[in-house]
Every structure is written in structure tokens, then in C-alpha cells.
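When the chains are written out, they are named A, B, C and D in that same order, and each has its own residue count from 1.
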């Protein structure tokens, strides 16, 4: 799991404006020196901070009631317990620290669900760097608590109103800022996407998930798992959860994408009402990398959709696309309805309120057949505090059989006030 | 055979940019022709891509208008065919549209079709030299130019890598950031031109040039051409917002083109021999 | 730290309706057998679940920027990283598990900030028990996200509108429920208050905080701390953070109470605009125990006040009252303004958004003089996600010098929508 | 000397409860006197405490009304002094008010003052036998009764501990839960009475008794008295809410008292010898 030329089979590469190329080359060099070769003890410091500030290692918990329900051993990798509430800090902390080693003074980031933005804002406050976060206006509305949290940590939040105002637009806008301020600024990208070295860099920072989980399951269950499930937006928690299992042939890896409201696409409207680029996407170039994309037949990127902001993206990490083509990773998908139902199921059965993103992985656990095998690890990529309002709204819209009665809170005057 | 080199041979080149199909197909035809009348030596025709990461707000909005009016690569090619101008034409677009065109994956089908309709070259803002070999090969096969952007941050080996692959002209990015009209001309331009002095490909400066005076200064500083986009798109946007008649907007574009071209000419007259590189 | 007769000096005892006495005796017996003597491996199971479900141990983090600011070594005990976002789970999980060992089927609890309620709801979902939580209507309004979380975990939330609708009233109401359903129901009290054995039981379950911290600081700093700071509402995080340091004479222990808007009292109105029972209270009997209370000269309990719901209580744990009288614990207090300012300071300097309760402890860190010594541990009792709305409101009301501009979010139309 | 024992000696006792000062001092005086006229044998006078953990919603509201109207322990004692009734008086309150009264800490000052004004005994719902020694001692010193509540859950050793300390009467809690009028009488009552049969302290049953029929059933089952609170407080609350004249409310209370007292008398007539304990 070390350096490479930035290609994963045909995927990957560095498709960015020339103005950014020197910065990307500088970053690739810094990645190599610090994050791969541990120059100046970078990796040691990173591990220490992950532990003390981030709260690692996170537990691998046997989910008793889910195990009973499904007749298999279900283990939860508890990334929801990481500081900030999601796996996102693993990467944000790594990159902000790397930027500090590189002498950068200013950090910018895009965010979808707001989890990467809050993680970056936290890491910047912790390490004393300036921080600006770009976020689509639609996502700002869906994930307001996270907007406040970024502001409280001293970060600026820049609304992006182009297009549908989601993650895709926020990434484009952050790239524009970077192209303008590349000399003193580092762009902390939030997933295993973007130009080389980002996909490798982010994967390496997130690989701590599977590094811990592999050790933990061997201690706890005395065996490797039969399968590992993780939701995939850009794919950072996925790659993090899979990385150390890639060489274990007996371990099946499932990337669970957002099926949204439908797997069909509306080319006329330029809308794919899902975010299932691994399942339904095609090869193309976006945001610096060649990968699988939701695009129309002309190559225009489609507006994706998912009930969870963090999965609502038309692309996916190039390495994940490659692993799917190579047959190592199985792409599956779970739609909005099933994700919401899974959200309620986990909340009620296990006392863990998951992020809506994470709920997709549990949606697949409910649907899957025998294939998953006896021992399954599900990566709990984040907690759902940020999603409370969305869940109330989305639950009210549907007939969710296993939802508690939330009516009293959804009233016109702001609930129980 | 690309007609770009000869356009630069004739003196300082004025290279306007418009997003094709902005705000609609028909108006856009008139606008491009107006620029030609105003003295354009080369015309950059933007084929809108949904994620224009290198563009500032002005061109982003143009892209949105054009896409909403139904622009597609095929219509773009139809547009070029229909266009009645003499100046060489450069297609400016993002790599995904090039890569996805036609039935086989790769840039060749796009370049072939572009050559058929009379496109002379390409600028692809998200395609650095490192990823450009397939497109360079297709351009060579069809005798087209591949223009690269050189940024203020481009130095040393990178510069050489680009200059080995460039043809037609180098697009000298006047400043860091995205496209967009500015009130001044950046110091970074002089430094970039100095770094490029040894190579004898024409150097056209773009990003932020909005007036005849800018054009004059840039050419005086040694540029072989000026590229102007946002300042022209602003006129289109303004006309669109105020429901101006197409012919009025076309007239304003033609006038602006004359101002810029005249500026470039004045600059050429003041031109001093470029300082020797050490 | 084991069993006792329920007295701490003159404090403590069992002042409850006769109907509850048998249940309390049964509980005292179960406490003794399971939680002290580890019958049936109760403590082992508890420790396992604290680790896997709760995310323990929590880190002891050196706070770099605070250490620099104060010229001392400041360490943070990160209870905000416990599942649910506060130390409250340590106790809730312990008691719900104990209830299960005792064969109870139904759990009730009171909650102020909602943290104990959410912790109890989570523990009940995890262990498969029914759960009802009583919460004052005023607190329901101040801590809405926590209300949703309890509902999502399948708990019923029963609004209590008597009096000012805060913690005091919620406790009284829960006691009434218990008195009615005592045979199949366990009352999970949320702090080291109430009749024996609760103060000891809750202290023991929370003592894991200082058990870990003492070990961690010795490993990290090679020394015991000069002082330990914790905010005190009922006092559970305080007792948890102090318990294992009680015998270390060189370690000063500071219980930081809520100074509210003033330490004065308005006897006529029956209001003490603070929750500083250790500092300003007097001996009396409330909610099952003799302890220090905010009361008028007739012995009527006053309405307390704090900007933080979790500290807004007119009483305090009897053991803590005793330790204060004995000179072992120093009671100090921090007012609303200073707490809000400390909230922003920690958010910006360390990338940790604390609970408003916790912010009080950091308020004292800012004010304290030399007395704290070289090495200080501050217990970060919880995270502030639940407090975002309150903080925005309360910040807008005041001139908080170090607050970020939050105006954009506080607008009439619900902020950035 | 407490007058409570003689009140029970005369036959089944009717023991009404009201919160003193509800809804105000003057009305409250009239209401208590009305109960006396209606046949009260012993009267429980509630001294309101801000945290009445043993009370249901009815008495909680009464407590709030009384406190808002300014009730304090001193005023309570003044009230008792002013009261013109012959029945023995029992003060029902929570321990903190007893503990905090006067200059020294402890129950003695409260008991002394209560004895001065003519209170015969005390019921303290949050004071179990285990914590009662100081209050018991103060009561002994002043010849007052200390009444304990026995709950349906009270058995074995606990029961003995209580019965060793009780005087005046045992308050037999008819059901689990808090005070409040109910539509039926609980089976738990019979069981409790059976458990208490061997002790010869009077047994008064309370919690939920609201009609003459209830009273009849309970006394028939072996109780020496019935305690009625919420059903009477309901009448006060109803009058207060509907702005009824104090005299009307008093009349209604008197009438209700008569109904309850009559019920108790009927019960006594049906009374069977209690079953032997085994």
C-alpha cells in the first residue's frame, strides 16, 4: 500500500488545470516522503494525534441483536466514535498535518454531508491553521448542524449555489480556489477522489480502519471475516475498510452505493436519481481523475441524488472503480427507502444512530442472501446526529414500517416547543 | 492542416473566446461572426462542459446558459460547420467531452470530427502534458494543433514537458486563479513571458484581459497575442439579462473586439526586444 | 470505593416513600453482589460492553494550545468521545445492565440536558429493554436533538411541565413513576444523587474515568496531576473524575459549578439564578438524600438556573457535599457568560466543541490563578452537538468577545436556508 | 398528649386531607372547618413542599396553588392556631421542611412549635423508618404521634421496623403509586390489612379512596379508618377553577365528608372478624 504512479489500471491520473500541477507534484513528493517513508517522524505524530485527539483505536463490536436477526456474526467497526462523528477525521487530520509539514498556512476543503468539512475544521483548530470550507447550498440546508460546527471551530463556510448545490459543485469550486491560492494553500480533499496523489493519500490515511479491524476480528473471532461491507460515496471509508483485506482472498468486499430513488436516469433533465456510479456509471474524467461516473451520452456529468448528502456524488474513487472491474470488490446498492428503514433498525436494535450514509451499508445487510457468509464486518462510517432533521422529514414523507412515531416533533411550529 | 500558425505570423494576434450556444444557438452564431468582423485572428470556441473547474463565475454562467439551451458536442460541430468566418478556430473544452465522443473510448473520434468541420486546434484546461499523449497523437494524425496552458507556477521540467508537446501557440495564463475579467494586468505575466522567451512558439496571454489598454501592455511586454474571454462573455450576459436585440449585442461585441485588437497593435509598436535569458 | 451504609458524613441516606424502600433495598443488595463483588461476572461484562459499545478507554489528550495559553500542562480526559457524546453512558450502561441482571423489564429515567436520557435510551436499545424518559418541557426546548435521539432509539419521552420544567421536576416525576411501577421497573438515575445506593453505584460506574486518567497521566507525564477539574451538576462526572485520586493527597480536586447569571438569590420569587449548591447551598433533604441544596429559609427548594441544562439542578451528590465539607474537594463556580466564552475558546483553539456543561470547567481554567499547579487534568464530560442552538441564541444575547460571527445562521428564516 | 388514639377508639375513623392554604389562607380555613362539620375524626393538614414526590397531579396542583398564595411553615402554624375544630390534627409534610425549621438543624424545633399550636401527630411521606429516629425522638419528647405509611410492597423485617416506631395509626397505602382519586379499590388493600392484622395499632387506609362506597368496602375489609385526600382536593380545585363562592365549596366539602363518613360507618357494620394470620 505505498506509492504508485497514480494509475489504478486505466483509472486515476492527474487531470487538473496546469496551475495546480506544480502543487500536485509537490504534494505527491510530500506524500512519498512523509506519509510513506515517515520522514521527520510524520507517521508517528499522525498516529499519536489519531489516538489522543481522534480517539483511536475504535472498537470492533459484535452486534448482538443484528447477529441474532440475520443468523450470522455481525461485527461493527465503530468509526462513528471517532472525534467529530465519522471516519472523515482520519483523513482530514492526516492531510492538515501534512500541510503543516509542507509549510502551508491555509486549508481549503469541500464538503457534502458536512462531515469532511467539520473534520477539517476541527483538525485545523487543533493544529492552528486557517480553514475555509466550500459547501453546496442544498447541502447546507440538509446538514445545518455541521455548518454551525465548522463556524464554531473558526472555519469560514462558503456557500456554493451553482448547479444543484451539492458535493460535485463544491469540489469544482474548491479547485478554483486552489488554482487561485495554490502557493500557500493546501486543498484537503475529502475522499479517495481527485488527482494523484489524493486517492492514494486518502486511502493510506483511512487504511487504519481495516488495519485495526483485521487485528480485532482475529483476536475476537479467531478468524478473518467472510465479508466486509461499507457504504461508498467517494469511497474513502470503503477503501479504508477494505485496504488491509485486499490480499485476503477469502474476504469478500462489498461497496454499497446509494440507489437513491431509482437506478434509471433522466438524460433529458441531466439527472440520475441515484449515486451508484460503480453500478450504473461509465468511464470518464472528472475532478482530476479518470474513473466511473454518472454522465449522459455526451459526457456531461449528471446531477446525482441520494437521501444522504455524503453519498450524493456523481463519481467515485479510481482505485475502487479499478477493484470493481478487477472483480475484487462487489458493487451493490441500496435505495433511499431501504436506507431510512435501516437507519431506524440500527437505532432501535443496537442503540447506535448511524449516519444516513452508513445506513446504506446496513440496508444491504438486511437484503443480502447467503453470500455474505458467517462472519461479516460492517463499517459504521459515522453517526447520525447531523441527519436528525433529514430523517424526520424523509420518514414523514414515506411509509416506513419500523419508524417510531416522530409526528410530535415534526409539527409546523418546530415541534415540541 | 491547422491555420493557426499563419494567423500569428501576421502580427500580434487577437484571440477572442465565446461559449458556443450562449445564450442560444442562433445568437451565438451572430456573436462569433461579429468578433470575426471586429478583427479576430483566431477564435476560441468554448464547448460547454458541466464541470468547468478552470472557469470563473462569468464563464460558468455562460456554460449554464448554453447547456440549458441544449448545447451538445454534435450541435457544437454543426455550429462550426455553419459558421461563416475566415479566422482559424480553436475548440476549448474539458477532457471528458473529448474522451467520451463517438463509439470508441479515447480522443480520436472527437478530433477526427472536429477536423472535418474545420476546427484547427484544441485547448483543454484540465489536461496537463502528463495526460496528453493520446490527444497529442490524435492531433498529429489529423494535423491539428494542441495548445497548452502555461501557468505562473509552471517552471523547469514541467515547462519543458509542455513545450515539447505544444503546437499552435502557448496559452500564457496571466495570473493564478480562474478565468474572469480584471481591472489590472498581473506582474506574473512578465515573468512568465521571460521564462518562455527561448521557445519560438507564439505566446498568447489570457486570463483577465478586458480592455484595449491591457492588450496593449501585454503585447508590449512581448506577447504574440492576447486571449480575451470573460470581458466578451460579460457583453453577452448583459445583453441577455437586459433582453437586448441580438444585433445590438453583436455590434457591441464587434466594437469591443476592435478596441482590443487596436490595443494589441499599439502594443506591438512599442515592443522592445525581449531581455536575454541568463 | 466499595459498599457503605449510604452515609457520607452527615450526608446521604434514603429519604424516599415507603413504597420505594423495598426496591431500594433490593438494589442495594444487587449493587453489592454484582457491582462490588462481581457476581456472575457482572463487572467483566460491564467492562467489555463499555469498551466495545461505549468506546472506552477514552484518550487523555495533551491540549497543546491551551497548555501554551496558560503556561501549564493541560490534559483533557476525553469523555466527549464516549458513545452518545458524554460520560453519561458509563453509568447508564452499568445500571441498565444491572437491571437486566436483576430481571427488570422496564427502565425509566429522568433527564436534564438529555444526555442521560439518550445514554439510557441507547443502553436500553443495546440490551433490549423498554425505556421511558421524563424530561422537563423547558429542557425539551433547549435540547431538542437529544429528544429526537431518544425517540429514534425507541424510548418514550414524557414531558414534565410542572414548575419550571427542568431536571428537578423530571426527577420528582420519575420517582412517582417508580413508586407506581416499582415491581418490574428500574429507575436509572443520572447522577450521583438520590437515595443510597445510587450515589455509590453511579460513582463506581463513573470511576472508570479517573481509573483510566490516573494510569494515563502517569504514563504520559510520568507524574500525578497537581489538579483535576470537572464541572458539577449532580456531580457524576466530577465523582468519576475524582474517585481514584481521592487518596492522592497532592492532587487538588476542583468541582466547577454553574454560577448562572448571579450567585445572589431571590427568595421572594423562589429563584436562585445559579446552580451552585456546593458554593451557596445549605444542608437539606431532597430526592432521597441529605445533601447541599439551593433552598429558601423555609426549606422550599429553589428554582435553579444555568445556561446549561445539565447543570441546572438545585442539589448535588451527597458524597461531593461531604468531600467539600471535609476540605478534600474545592468548590468553585463559573457564570453563564464565562462558560459561553470558554465554549468558543475550546472550539476554536482545540477543535473540540464541548458541552455547555463541560465549558464551565474550562471557564475556571481561564480564571484560575497559580493554584492549579503545573499539571492539570480537565474532564471533558461531553460534546456540544446538543447545544448548538442554545449557543447561537445565548451568544447572540451577549457580547462574547471571542465568538465567531454566527449571525448568518440566526436569521429569522431559520438561517442559511 | 396526642388526641389521635381516642379518635380511633370511637369507631371507624374518617380522616380527610387538605393542603393548607389551597387556594388561599382564608378559604382554606373554611374548608377545613367544613370537613370537621362533615364528621372528620382526624384531619390531615398538608404543609406544602415544593417537591412533593409522593403526590399525584391533584395534590401537586394544590401544593402549587398554596405556595403561590404564600404559604410557609410559620403561616401554617398560625393557621392551625386560628383553626376552630375539635378533631385531632395531623401535619403531613416532607422531611426537609421539618428538618430546616427553626435555628438549630433537626426536627425538634418543628415538632415543638407544632405541639404548641395543637398538632397531634405527623405523617412524612419521604421519611422511611430507617431515617426516622430523630423525628421519633422529638415526637416522644413532645408526646406526639408519628404515623408511618405501609406500602403494598412492605413486608417482613421492614414491616416490623415500621411497626416498632409507629404511633397514632398506620397509614395503609391502598395501592402502589402516588396519591390520587381512583374509580376502584385495590385488591392490594386486603393483603396489606391481612399482613397488619396482628398489630393492634389502628389501620387507616388511604390512596385512591373517593366515594362512600369505597370507604364502606375498605372498612368492611378491616380498616379502622379511611384517609381521603385527592377526592376532596378535587372539590377545592373545581371551585377555584370555576370561581365558586367559598361557602359553596365548603358546603360541597361538608357533604362529601358526610358521604364518606357514612360509608365508613356502613362498612363497620358489615365488618367480619379478620382472618387469622398463619
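Methods note: a residue touches a chain if its C-beta (ideal position, glycine included) is under 8 Å from a C-beta of that chain, and two chains touch if they have at least 3 such contacts.
This is a predicted model, so every value here is computed, not measured.
S.K.: What is the touch distance from chain B to chain D, in steps?
M.R.: 3
S.K.: If you average the Cα atoms of chain B and of chain C to get two centres, how far apart are those centres in Å?
M.R.: 65
S.K.: Hey, how far is the Cα centre of chain C from the one of chain D, in Å?
M.R.: Centre-to-centre distance between chain C and chain D: 37 Å.
S.K.: Using CA atom averages as chain centres, what separation in Å is found between chain A and chain C?
M.R.: About 34 Å, centre to centre.
S.K.: Among line, ring, star, complete and other, which one matches the pattern of chain touches?
M.R.: Graph shape here is a line: each chain touches the next, no loop.
S.K.: Which residues, counting only chain C, touch chain A once they are in their complex?
M.R.: Within the complex, chain C touches chain A at residues 51-53, 55, 58-62, 65, 78, 80-81, 83, 85, 121-126, 128, 137, 140-141, 144-145, 147-149, 151-154, 159, 344, 347-353, 384-385, 388, 391-392, 404-406, 409, 415-417.
S.K.: Can you check the complex and tell me which residues of chain C touch chain D?
M.R.: Contact set of chain C toward chain D: 13-19, 21-23, 25, 162-163, 168, 172, 175-176, 179-183, 270, 283-288, 293, 295, 297-301.
S.K.: Chain C touches which residues of chain D in the complex?
M.R.: The touching residues are 49-56, 60, 64, 67, 72-74, 94-97, 99-101, 105, 125-128, 130-131, 148-155, 158, 162, 173, 176-178.
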